[in-house]
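The structure appears right after this line, and notes come after that.
Chain lettering (A, B, C and D) follows the sequence in which the chains are written, and residue indices restart at 1 in each chain.
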Amino acid sequence: MKNLLIKNGTLVTAADLFVADIFVADGRVIWIGLLPPGGEEAANADITIDAAGKYVIPGGIDVHTHLDMPLGDICSVDDFETGTIAAACGGTTTIIDYAAQNRGESMAQGLETWLKKAEGKAVIDFGFHLTLSEFTARTLPDMEQMVALGVPSFKVFTAYPDRLMLDDASIFKVLKKAKDLGALVCAHAENGQVIDVFIREALAARQIEPKYHALTRPPAVEGEAVHRLITLAELADAPLYLVHVSCGDALKHIVNAQNRGLPVYAETCPQYLVLSAENYDQILFEGAKYVMSPPLRAKQHQECLWQGIRSHAITTIGTDHCPFNFNGQKSRGQDDFTKIPNGAPGIETRLSLLYTEGVGTGRISLNHFVDLVATSPARLFGLYPQKGTIAPGSDADLVIFDPTVETLISAVTHHSCADYSLYEGMRVKGMPETVIFRGNVIVQNGKFTGTAGEGQFLKRKPYASTR
Amino acid sequence: MKNLLIKNGTLVTAADLFVADIFVADGRVIWIGLLPPGGEEAANADITIDAAGKYVIPGGIDVHTHLDMPLGDICSVDDFETGTIAAACGGTTTIIDYAAQNRGESMAQGLETWLKKAEGKAVIDFGFHLTLSEFTARTLPDMEQMVALGVPSFKVFTAYPDRLMLDDASIFKVLKKAKDLGALVCAHAENGQVIDVFIREALAARQIEPKYHALTRPPAVEGEAVHRLITLAELADAPLYLVHVSCGDALKHIVNAQNRGLPVYAETCPQYLVLSAENYDQILFEGAKYVMSPPLRAKQHQECLWQGIRSHAITTIGTDHCPFNFNGQKSRGQDDFTKIPNGAPGIETRLSLLYTEGVGTGRISLNHFVDLVATSPARLFGLYPQKGTIAPGSDADLVIFDPTVETLISAVTHHSCADYSLYEGMRVKGMPETVIFRGNVIVQNGKFTGTAGEGQFLKRKPYASTR
Amino acid sequence: MKNLLIKNGTLVTAADLFVADIFVADGRVIWIGLLPPGGEEAANADITIDAAGKYVIPGGIDVHTHLDMPLGDICSVDDFETGTIAAACGGTTTIIDYAAQNRGESMAQGLETWLKKAEGKAVIDFGFHLTLSEFTARTLPDMEQMVALGVPSFKVFTAYPDRLMLDDASIFKVLKKAKDLGALVCAHAENGQVIDVFIREALAARQIEPKYHALTRPPAVEGEAVHRLITLAELADAPLYLVHVSCGDALKHIVNAQNRGLPVYAETCPQYLVLSAENYDQILFEGAKYVMSPPLRAKQHQECLWQGIRSHAITTIGTDHCPFNFNGQKSRGQDDFTKIPNGAPGIETRLSLLYTEGVGTGRISLNHFVDLVATSPARLFGLYPQKGTIAPGSDADLVIFDPTVETLISAVTHHSCADYSLYEGMRVKGMPETVIFRGNVIVQNGKFTGTAGEGQFLKRKPYASTR
Amino acid sequence: MKNLLIKNGTLVTAADLFVADIFVADGRVIWIGLLPPGGEEAANADITIDAAGKYVIPGGIDVHTHLDMPLGDICSVDDFETGTIAAACGGTTTIIDYAAQNRGESMAQGLETWLKKAEGKAVIDFGFHLTLSEFTARTLPDMEQMVALGVPSFKVFTAYPDRLMLDDASIFKVLKKAKDLGALVCAHAENGQVIDVFIREALAARQIEPKYHALTRPPAVEGEAVHRLITLAELADAPLYLVHVSCGDALKHIVNAQNRGLPVYAETCPQYLVLSAENYDQILFEGAKYVMSPPLRAKQHQECLWQGIRSHAITTIGTDHCPFNFNGQKSRGQDDFTKIPNGAPGIETRLSLLYTEGVGTGRISLNHFVDLVATSPARLFGLYPQKGTIAPGSDADLVIFDPTVETLISAVTHHSCADYSLYEGMRVKGMPETVIFRGNVIVQNGKFTGTAGEGQFLKRKPYASTR
């Protein structure tokens, strides 16, 4: 493995920003310093990269992905190879994907299935959360086993009755067990029962177009579920991580809980910051592209979320990357919006969108940007300091980010297999020019140069062990 | 029927307070005025009562009672005769009791059963709410029938899974139907599933004493359910009436909803204003007397509730009178608090407790007192102006209230069949000296002088028709 | 004085609504009842009015007027005759006007001046508040004298530095004294110092049009002063009455204070409910008509205020009637908005506007309407039960209100001397058809039939004596 | 100047925590890395310090000190030598002191005076804020000059009328000017006028003991001033830094402002976190030691402040070090609490108290600790990245902090000249063992080894230039 010297870059961490040289060996950062004139030779690096005028940031960590995810008889279109290549090209060097147990299966079986999906394919490191599809006598013991195997986070749903929804008693027991294990519960918060009543009414009234997906899941059903989950977590004395928070109705309860000192964390996704429910009004069946849960919201919620980011109520930015093709998959719902598979691609555009709309507009600082896309995810999910920062001893997962390059987002150029992009034609400024993963350059000028199977499974530490 | 003249009393309504004479004929108030000197003769009344120095207020309306209510193989100990006599002696001339359907039964059958319970027994007027014990295909049509029969309010539970709890989808459908019918949904708000987890943990740990009844139903489970119900009502565009609100955790959501303009109403009960969780610490099995749901709360919640009353967030004072004997009934739970029948007597002490602790302490005005115990209940539940005020044409249900008399509350002297009182030994100041029901004196100096069976079933108007 | 029988009207008070007959003698209500068929003769009234299909409500009480008020070298254009005639025609039978001391003068001198202004002119009853123009050694003793003379309310300003503004220390002392006296402090809440900075900047930038009146007094300066005054009142343990609340920024602090149980009261005026800052954008100098303080606000504040009314955060509706002519008076500010005299007419349109926009739209009930325009003002300012309700023994100040009549508001037809109306061309539904003052009909079908000088000075009871 | 190698320490910044070696030359950090076995020789350092098992953190920055500060005819007892030695011994390597203009003087004269006070004395670096004692025609131009001279922060008072208080108009102008200059306004928030009324009442009632200092400045007067200042800052579109926030009444407005996205910052001090108003009840005149403004508060405010720290509502920890001797200075107020000089020592105990009570109790993380005492102060006040972090190129101001050492706080051992300590006898765990200032060891095992006059005046960047 070759040594690497990154010179003159502006190093950015969650707290710091300064010009420095970085020396990498054996896949790890060895030192950060200021080489004296002529010091480069003394450093004796195999490869030297000049990062002058560019930012050197920790590789991004996307803690919300769904690669190779089955949904009924179809599957999300990116597997662990295409999905992680897209991630890498977007500046992400670690993902935490949602492994799921099938009903009747043990969690270990679910994990095993997902490990096989990733094997020989992932080009960057990966960890797993475990999604609970039911609550049975073996749920709590299984959780203990998962933590021991390096999977200390579990997802519960208050939505999708009959498929994923757990009742309050079960969620409460999961939270109590998570507390005991030091694990973290991730929750999808929407009141699935109320949504079902709305859906039945809509279908009965022949309201079948994609926009009814949004209209049958109003912000209040997310707000309600968030409030309920926070109450349950508080009663269980457990931390809580709310995935893909999409609206002010949810955020206000999160802010309130945090102001009271509760360990409640929130994730949002670029689509909720950048897109809005207006997309559902596109002609023909175009609106189907934006069918995801929670749905895109009215525009005013965007500012709520940005304010939540600014005030640190929102901790992380994930993507909920769950790509389905418009042709052949989304199109199943042509005559019934409930048949449109929920989900959309986004794994590649996370950093550039957040940089453009966050840093570029002055909404957040560069440090805050790094914190949202890398450091906080690493800390919350037990990967820090191996991942999520630039420090001697840490994995040399680094992104050389050029803040000046403008690019156009398009399905034509993106690396996902999805046949469309949520952001088609959108211009972003700021680009992960070079991506270094465990000391190897895997992306150069937007071209992927890495190797399938180089990504490793990360056994993560429990949440509580890092507090 | 004899004419009646009440002279020189200080007439108090929800808004007014003035000295006046009241003339009653044919069971109704005919006029309110100032007789000139010697005018009494002209009035030509059969009976004249001098109310100088006393308040004349509308007869109280208790909208939350459970008379002759079966619970498993036992029954609340007051039937419609003893229960309404106790009510009358306490200054209440109308009750609205909770009729219930048995599972499998139609609502009409439930109503029929309760009408029979009251027949020939009730000494004052009565209406019914209908308690839903399940949600089936006939629930919504049945609701329509009930409204037509003068029963335009329905109770749903988020507590007591497997017995009374409806899931969110069912409650939401009930709310939507109520909206269509102009009816009002009354809700018992506690998260029954979370409570069940707590209860199982408690029993597993051999925590069997009465105090664990309270510890397994913390305020947060009430707060959560209230927030959830408010969200459902808002989404259904329906009004909501929260019964027996017991704590600040619930009230804050109610205040917030009202501040946003939602038609959300709250009832509390004297026990939550006057007693506290400290009662569960009484020696031996005494704590069982206070086992009700929601349970008594820590003392600081009393001030929250009083503040909710003062700011009009709380609309009505009911009793949740549901008396079980300490000996023989409560005692079933000697070795397991979950076997203690939930409920306690209180129908007779509503006015005197609220007057003593509310008006006597300066917390509320006399007008507000009348509003809480009579006028607001009448308005909300479709009885106004027949009931709930003193006006020409209204039923002559009147209480001559002597604010100076002090009495001691005791099971020895109360009229309920219950073998104990929640307030044993408590001193109250202010007493319903004379109670007039439809123009007849039925209580005189605390002695009941009325007749069983004189009470009539009141067909009530729907909520929406009175806005 | 002739006896009067009002038959078949729908009597409305702050709490009640029922059909009844009302008998009036000697200027007072004698009885309210239901005459038997043929009973009219027995009543033997001199005059009988059939009010079938109409509301009979208590005469309105406008607690915020400025009649014959000097401002520099000009004067508001209505004196106590034209002003009270306009009031009467609008259904108002009592006003409380702001008497003011000149600097250097005692309060008694100020009161004396105002009593003379009213003498022989007022056609309805009147009381006075006393406006403090300075704080001196005799301020506190003078307050005591005023209370003894029946003037138990005092106005302080946080606006208008160098003319009316008191510093915080002085206001705090006034509040403490008011507490001792049981009196009520009325406050004009705007941060006058911040406004002055804005004004100087505006003039320096040659921003001279009427709209800069509003732009130099943004809602936040009202919000700030309201918060400050509430803090001072809380520290002084004194009640506080905030006059002409105009915006959500102010209201949120009031709601918060009331939710904490503080005796904080708020008044708003029809102009803030019905008009908006858009009026300042009218062509030419038309915007000057709307120059008042606080200024009209952006439209969203209207809904805030209506919500404040609905939730009872706002207690009373006054007019702040302070009419200046557009020609000759307002026009002084043609080249400098600071020279436009602040104030506008409104005394006549209070009931019809509030009825149309409040009751007519379903925002508030009829009872609430009566409470806002009559009962609450009477209670807060020590006139109840002589005024503000319909009860045996109360003054027979009654309005027969026809809810069906539509009229057009116009300066052509209004009774104020002002040469314009804020509401020119606006259509209202609901009209005070007949106005009875102390038992005499003074307005019939919109025609004034009363007599100058019949109005009496009302010695009011202190706030605290009525709690 | 000698090179320095710090080996094996656990480096802690505001975001990171990892074991690393640090190499220092020419007063600056050169590199941070992991020396290979035997690499120490290659590093060729003059001095090597083994920091194994200890934290290496950035030198502390205390942005609120009053050294050599005149108050009437006395002076705070620490000059820039004794004061900075005490600071250094406590782990602080930079202070920002409040230079003040005398009334009538220019700001430049004030700055000149303070520069002379520091000259030849300061053992660590220092910057200045400028305290406004009046608002005159030259205030705004003077501010511009100060920014140019590296003094881009200004202090205003809403307290101390007749001595320091500015009226709202002046403060508003200062905020607007600060906005233009990119400068930061620091505010002492208490309503001085209300306090004066309370003080006069107290003295009139012969309430002269130290505890009346606290009773005459209740939390609400701080809350009021904070709300007012935030409104002014919002209207001026300027950032605001609230010094020595002491209570929940103030904090709630800060939280609210931050939740709305306003650039409002808050500082608190160890005394408000650790001590309470109970100290005023000490026997004899002991309470005088705790006389400072704002005063110590009731205990529940401590938890409010900690919660404010945890949720990042509070940004920095300063000391407000302003030491007066108990004997001879505080004693002037023996018969009149208003004559007790306001202020107390604290410059030396900032880190150890915050570490003990914050990190030691689990309330905050080590990163957060570093952020509060060093990084946030450096960022806000224009010193970053020269100060406030550990990074190549930054000043080598470093503290080797031993988390295991327990010490006793006492005036006997502290380095301030003050004849008492607020924390006498309090035990703290965690101690700045070695303090390195610009690459020189100036404290070793608690012994000061530096040199007077080595501290340099820091010209600071304006707030806005660092966003």
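Rule of thumb we're sticking to: a contact is a pair of C-beta atoms (placed from the backbone, for glycine too) under 8 Å apart; a residue touches a chain by one contact, two chains touch by 3 or more.
In this text the structure is predicted, and so the values were computed from the model without any measurement.
Equivalent interface to A-D within the set A-B, C-D or B-C: B-C (over half of contact pairs identical by residue number). Distance between chain centres (mean CA atoms), subunit B to subunit C: 39 Å.
We define each chain's centre as the mean of its Cα atoms; on that basis subunit B and subunit D are separated by 59 Å. Taking each chain's centre as the average of its CA atoms, subunit A and subunit B sit 52 Å apart. Residue positions of subunit B touching 2 or more other chains: none. Each chain pair that touches appears in this list: A-B, A-D, B-C, C-D. For subunit A in complex with subunit B, the residues that touch the partner chain are 161, 167-169, 172-173, 176, 191, 193-194, 196-197, 218, 220-221, 223-224, 227-228, 231-232, 234-235. For subunit B in complex with subunit C, the residues that touch the partner chain are 13-21, 23, 30-34, 255, 258-261, 307, 310-312, 362, 365, 367, 371, 375, 385, 389, 391-394, 467.
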